[in-house]
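Presented sequentially are two complexes of chain A, the first with chain B as partner and the second with chain C.
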Partner chain A sequence: MTAASVPNAAPALLPADTSIDWNRITRFGGLLALGLVFISLAGMPLGLNQRTVIEPVLSLGYLALMWLPFLAGYNVGNEIVLEGMEATKKGPRDLLGGLIVGAIGGVGLSILVLLIDNFDLRDPLVNWSPQLLEFLNFENGVGFGSWIWIPFCGLLGLAGASLQLMSQTMRRAVMTVILAVIVLSVFEFLIIDIVDPLKKVLYAQQGGLKWGAAIVVAILAAAFSLFGREPISQVRSNYNDATGPEKSRQTAVLIGLSVLALIVIPMFTGKITQELLANVGIFLLLALGLNIVVGLAGILDLGYVAFFAVGGYTTAVLTSSNRGEDWPSWFPSEIHWVLALIATVIMAGIVGLIIGAPVIRMRGDYLAIVTLGFGEIIRLLFLSDWLNGYFNGAQGITNIPPADFGIFEIKGTDPRSVFYLVLFFAAISIYVSWRLERSRLGRAWMAIREDESVAEAMGINTVNVKLMAFVVGAVLASFSGAIFATKVGSIFPTSFLILVSIIILVVVIVGGMGNIVGVIVGAFVLIGVLGGPKQPGLLQEFSEYKLLIYGALLIWMMLKRPEGLVPNARRSRELHQDEFLQDAWLKGEVDDAVPDSGDVDGTVAPA
Partner chain B sequence: MSDTDTRVPLLEFRNINTHYGAVHILKDVNLAIYPGEMVSLLGGNASGKSTTLKTLLGMVTPTSGEVVLDGEVVNDKPTSYRVERGVTMVPENRRLFKRLSVKENLELGAYLRNDKDGIAEDLERIYTMFPRVKERLNQKSGTLSGGEQQMVAMGRALMSSPRVLLMDEPSMGLAPALVQTNFELIQQIHEEGIAIFMVEQNANMALSLADRGWVLQTGRVVLDDTAENLLANPELQKSYLGGA
Partner chain C sequence: MFPLTSAVQVKGSRRTTVDWFLVLIRVVLISLIVVGILAFIAQQIDPENAFAKWRNPGANRLTAAQFKGLVVTGLSQGAMYGLIALGYSMVYGVLGFINFAHGEVFMLGAFTGFVTSNKLAEAGLWEGAAFLPSVIMTAILAALIATGAAVLMERVAYRPLRGSPRLIPLITSIGVSFFIQNAVILLFGPGAKSYPSNPEWLQQKRSILTFEVEGTKILVLIVAAISMAGLWFFVERTKTGKAMRAVAEDKEIASLMGINVDRTIVTTFAVGGAMAGIAGILWGLLFRSVIATTGFLPGIKAFTAAVVGGVGNLGGAMAGGVSLGTAEATAPLVLLEPLGVDGVSQLRDAVAFTLLILVLLIKPTGLFGERLSSEDRA
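What follows is the complex of A and B.
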């Protein structure tokens, strides 16, 4: 057959490659070994070993290592099925691949065991310790530890790879079971905090799921995954398919229920949950503001913490009895929280204008760097000796009184009251964001985000409009600052490190930029589970590795899911446009895989 | 040309000089666009074509000379002032707001307008002009094909109810088959009484439509004539039209 006769023929299926891809296996194995050694030396297994996942068989420390070979074993069998190729049948080949990958990873740990046993590198590597050695040896001596990881990781890899052989339903069920057990065990404190009686039923005395309870949970989770999924996906697709007034009705019900849940739940939970929710709310407020600046207007503000600080300090100065001594006597002092809030908002707006005016004419990277600088300048001003008489420098402003509303008080020792206050302001912020997104101003922001020059050519006053975004963001951040000051009762420059800006930005990015629901989810997942810059989250044991996890998550998101946690069909389509266009081209939906080169039948109706 | 000279130009350059930093881009440029006519600015790369457009629209301020809109010197007036008075640009390569829907793109074209009825009317007019655009109204404009994007870009410009469209290389980046369609489209818009100022490298096509043309060379207008004369000009033939 000549090449010329090929185009009209059906694409011949290329024979699937059934040989073992040693290259891929060694690559995965090598990465796995590095990953395991890195996690060990970062101290995670040791740090987390106090927590039991399942009494008495599994601790969080070992889990911190075990998930990796499992995942690697599963992933090594993944393949990209190209058009014209047939998916290979999964079989022993994949199991073998998983086994070998796991075993190679295990070799990494074995080598680590031998190295720790023979050399002392504790100086640069704090975790290069006898304790780690003991841990890696399963407290059974080096002789045991130096080989046990090879079969152990191999089996984990094999288990991961066996997922490849299962049907989708089975695979889902297995994943649900694993996740259910881990979540139930890791979130022990939260669950006990919400439903105290469960403590005796589920958990062992010294923490961790009882093994019997773990089995019950596993069975329930499997049952749910196999039989409970259908009705839920039914409800979901009903919601997705609904249109017009029906959709808005359902959305209203959904929002109503969520709000109701958020009002009711804290009434029954213990302080841990309330505290957690209050922290999530404070950072949610910040994230909503930054979402307008970064997500809508596309201004990469890395100094956003400045407005949080201004909000906090303004409230502190106006309400505390222990502010700096240099304030003139006529300057309002110890005023009511609501009055202070009004002043705070105005102050934040002014600072937003002052910082924004010079910054806003810059674009892209330059703007990011300059805002970064301003964020630090504001913090350093509060810390400085020069303004020590006003802000007490490093000592900070203490004695910030609770906000007194007559019938109720908002104070840090009652996190529930703080949460309700935050909820109120979050509702306002969400509403404002939602309205702004659909307003003329919001559209101008998005136009600037997409293409500033063209937006300017449309007659949009880009400087003013961007400044507006800056000011709105500043005001939303100042709400948060005001609540934060009252909640903590004292305020220090160290509460406003650059890290705060970064973490809020990560919340916005991970949730999904420019997507309000995404930002809410992002705040719950990151701040609630991992914790804020200084606020503990649900995974208190992880707080030491919080930034490590934040970083890893961010990298993974950027690579695999740039649209954020909450997928928005259209946004993800445009981010995965290459793949989308390729699919469309293969299905014959578009004439040309390259959007800009135009299509030929772009007909124009005669006028 | 004498019959046009008695009218007031819609948009005019009087001895315009523009600098980017220390670099002299436009040198004593004189232009005049009269209401309802189609004119063309030709020139190679880096001859100052895009700067001319930006200066007309107020995105670049000239160092000397006058930009005149309806007889009024508008040197220090912002872009919005000129857009409100009917000067609109169709940017090079279409440059839609890719992540926004087609509808949002069109609405942004009418950003400075407050007459709701007029906007709705213009939207309808664009839908009848480009039925394809109406079909794609809620789709992100970045996912459209090149031809559809061109329609949206034109529609967006028309939404500002322009009196003169400044078109920056309308045929750039389009498939050959589309270039023709595109020029027909421009013709059609022109027939509605909208003046067209077209910056083009595709000199043959541009001049076959235009009434008059200028040739810009390193920031200086070297030729200023009717389109027929320019097409016949041997000098131009040689450098731009690829003729013998």
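What follows is the complex of A and C.
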């Protein structure tokens, strides 16, 4: 896949190498062992053990360890098949590889068991505890625990590797089964909340899928994967192939249905689900704004939380009865939420200009750090004694009243109303982003993202256009801030840590930079399942580990799939330009001299 | 009137509204600084002075001892910023991206120091004559761990991304930073970890050139100076250092000259990591407390220091660190208080960020000039 391997690929159709790659196996095994030990010492197995996936055989704690050998076993047999090369035939070689990799990983855990049993390192390492030892021993004593992980992980690695031997359909079926069981168990709470009778059918008293139900779900998922895929892909290709008015009619139906679902679902769910949806919505609004700045215009704004804070604080100052005492008496106070929102939007636009103007000429990476600095400065100012008379410092502004619309009220104790408000603004934001993307301004943003100098040579006023991105992003974030202030009813500087910026960035990147659908998916998956910076998600047990997972996700996405889960076609072409060109060259579609990527260092383009 | 700040202007386009706004920002910031310093001088001459009273009715003269104390604090912190900044500067010089996770390397060094020093203190080796060898051992260990972390992150996260658009490795490094920070929280617990107390003789104040300096700060300054000298020797006088400079200049040509580019880049990360690890130990000795988020702010500030001194310029990084530390320590009392700002010590971090913005607005190449490869000069 990398440019460096191209010269080797040029003499096409090399005979497949059939020997066992011991180097690769030991490397994978060592990494696996390290990973397993790290997960154990980070406390994930113990912390997650309370939650059952399948009653009574599998808890989330053991699952936290088991997925890793499985994945390693699968990946050790993975290979990158270059254009013009032949894939090696999968066989017992891969099974053996997976088995050995898993077993090496298991050795890591065995050593850990023996170490915990013999040494006390609890002083620096908080999870070096007898409880962890018990957990790793399957509560069967050290004699059992010291060897059981080796065959266990080996078998998991073998199972992972056996996926390599299966046909595409089979592999997909197995994946669907695993995913269905896990999703059903993770979403237990949500599903019960929506369809209460399912509780008795699917789930055990103390939580977790009943094992019988798990088998039924597995069979259904397998059946769906084997027989249900055809009609669905049919529908999908129908949609993709449709053109003109037919396509826009289908799109309209699709959007209408999803909006209807989002309006109807909260009516039947409990408060916690509504709260969850409201949180997802607030972060979705932020992510949509950042998507314009980062995804469309390619400006990496790490201080995006500043606009969220400005939105929240402006609304709070204008509506609260408990703002600081130093405000002059003529300054409007306790005004209606809608008026405050207008003021908030104007304020956010101004702050966007003020922050944007000095940074807009800087190199992309300097800009990132400087905006990060601005985000931190704004929080420090809200927190400082200096402006204490205006913003109440660390005590924050409390007593923010509900937004009163006559017939209905938006208040934090009624998360459903907040959700509807968020939905309204999300609809506006989505519409705005969608129209902007296809406007002259949107095309200018994308041109700048791809190459600023060329964009400027084409007559785009890069400074103004980039400032516009800042302002639009700021305004969208201020919506979110205004809603957030009203929802929580009070506002503190600690709600606006840099952390928030980074989590929104992860949402945008995981979803797919520059793609509205991707951002929506990202917000629902990440904020909904893992939770926001302080807001719990569906997996409440994960709250301790979610930031770690966000970090790991960010690295993994950047390395493996920088275009995100739901990629934007143009963006993904930009990111993989080298590979597209290479493939084209290897297929002989392009002239010899073309793969001149220009920026690949240390690689000589093949002549 | 003002130096040209970007390639855009060099191309000869006319000044836009944004430019005038930027000029305005510069004028406002510089006049604020000038007024603040003038008010400070007025207050030093006579606290009853009308000019000193103008913004700050409670103006009080700062004694010489207070002022010297601020400078020494600033210098010792600045020395640490400088040590961390070297890593940013070298990596930016060679690879052209900001290794956002470098602050975490520093934090890992400080954490290694916490574990080692406490184990040594339990064995009674953190006092008396055993103290110095113990500190040296701890520093070497911290440098090793930090080096290992830096090399590992290069191998895992950055090497596969070489040649991708500039922002991609930056985003990855944000992820790495986030990951390391939270991994440390999970492994060691979220609370603040304290170093054992330093021996008496180190805490004593000593008089150097009329400055009353705490022994710990002297130690920090000496260690920083030795590390800097060692690094200078390594980069300017050894073959590996020469290779590093060549790779920073032009990777392609360097590889044609028979230099192993990959290995040189790893060396760069390793050396930067070692410096950050030593800075971590110094931080621990000076503040005697470390938490998982320790790396974040010093990291950003060290990057600021690298920019102030000119990215890619090693002497500049150290000078930038020292000037940033001094500015940060003195500005709240010298600049902000005379301007009538309350609670100035809370705004120290804001001072550092403002300095970064100011330098990038007025002299983006830093005080001592950038040293970047041709492709990174933008």
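Quick note on the criterion: the second predicted complex is superposed on the first by the 559 of 607 C-alpha atoms of A that agree within 3 Å, B and C clash if a C-alpha of one lies under 4 Å from a C-alpha of the other, contacts with A are read in each partner's own complex, and residues count from 1 in each chain.
Just so it is clear, contacts are C-beta pairs under 8 Å (C-beta built on N, C-alpha and C of every residue); 3 or more make two chains touch, one makes a residue touch a chain.
Worth saying up front: this structure is predicted, and the values here are computed from it rather than measured.
J.: Name the chain, either chain B or chain C, that contacts more residues of chain A.
T.: C
J.: Return first, second, both or neither, reflecting whether A:Ala444 touches chain B, chain C, both chains, or no partner chain.
T.: Touch partner of A:Ala444: chain B, not chain C.
J.: By the touch definition at the top of the document, which applies to A:Pro124: first (chain B), second (chain C), both, or neither?
T.: second
J.: Which holds for A:Gly459: it touches chain B only (first), chain C only (second), both, or neither?
T.: First partner only, chain B.
J.: Return first, second, both or neither, reflecting whether A:Leu372 touches chain B, chain C, both chains, or no partner chain.
T.: second
J.: Of the two partner chains, chain B (first) and chain C (second), which one does A:Arg361 touch, if any: first, second, both, or neither?
T.: second
J.: Which holds for A:Ser384: it touches chain B only (first), chain C only (second), both, or neither?
T.: A:Ser384: touches chain C, not chain B.
J.: Going by the contact definition given at the top, which residues of chain A touch chain B in one complex and chain C in the other?
T.: In chain A, positions 456, 461, 574, 597, 599-603 sit in both the chain B and chain C interfaces.
J.: Please output the residues of chain C touching chain A within their complex, sorted ascending.
T.: Against chain A, chain C makes touches at 5-6, 8, 16, 18, 21-22, 25, 97-98, 114-115, 118, 156-157, 160-172, 174-183, 186-189, 251-252, 255, 261-262, 296, 300, 303, 307, 341-344, 346-347, 349-350, 353-354, 356-357, 360-361, 364, 375, 378.
J.: Given the complex with chain C, which residues does chain A contribute to the contact?
T.: Interface residues on the chain A side: 2-3, 38, 41-44, 123-127, 298, 300, 302, 357-366, 368-370, 372-374, 376-377, 380-381, 383-386, 388, 456, 461-464, 467, 498, 502, 505-506, 509, 544-545, 547-548, 550-555, 558-559, 562, 574-575, 578, 597, 599-603.
J.: Spell out the residues on chain B that touch chain A in their complex, using ranges where they run on.
T.: 57, 59, 78-80, 82-84, 89, 91, 93, 95-100, 104, 107-109, 111-112, 128-132, 139-140, 142-151, 156, 160, 173-175, 177-178, 181, 184-185, 188, 191
J.: Which chain A residues qualify as touching chain B in the complex?
T.: Chain A reaches chain B through residues 440, 443-444, 446-447, 449-451, 453-461, 570-571, 573-574, 577, 580, 590-592, 595-605, 607.
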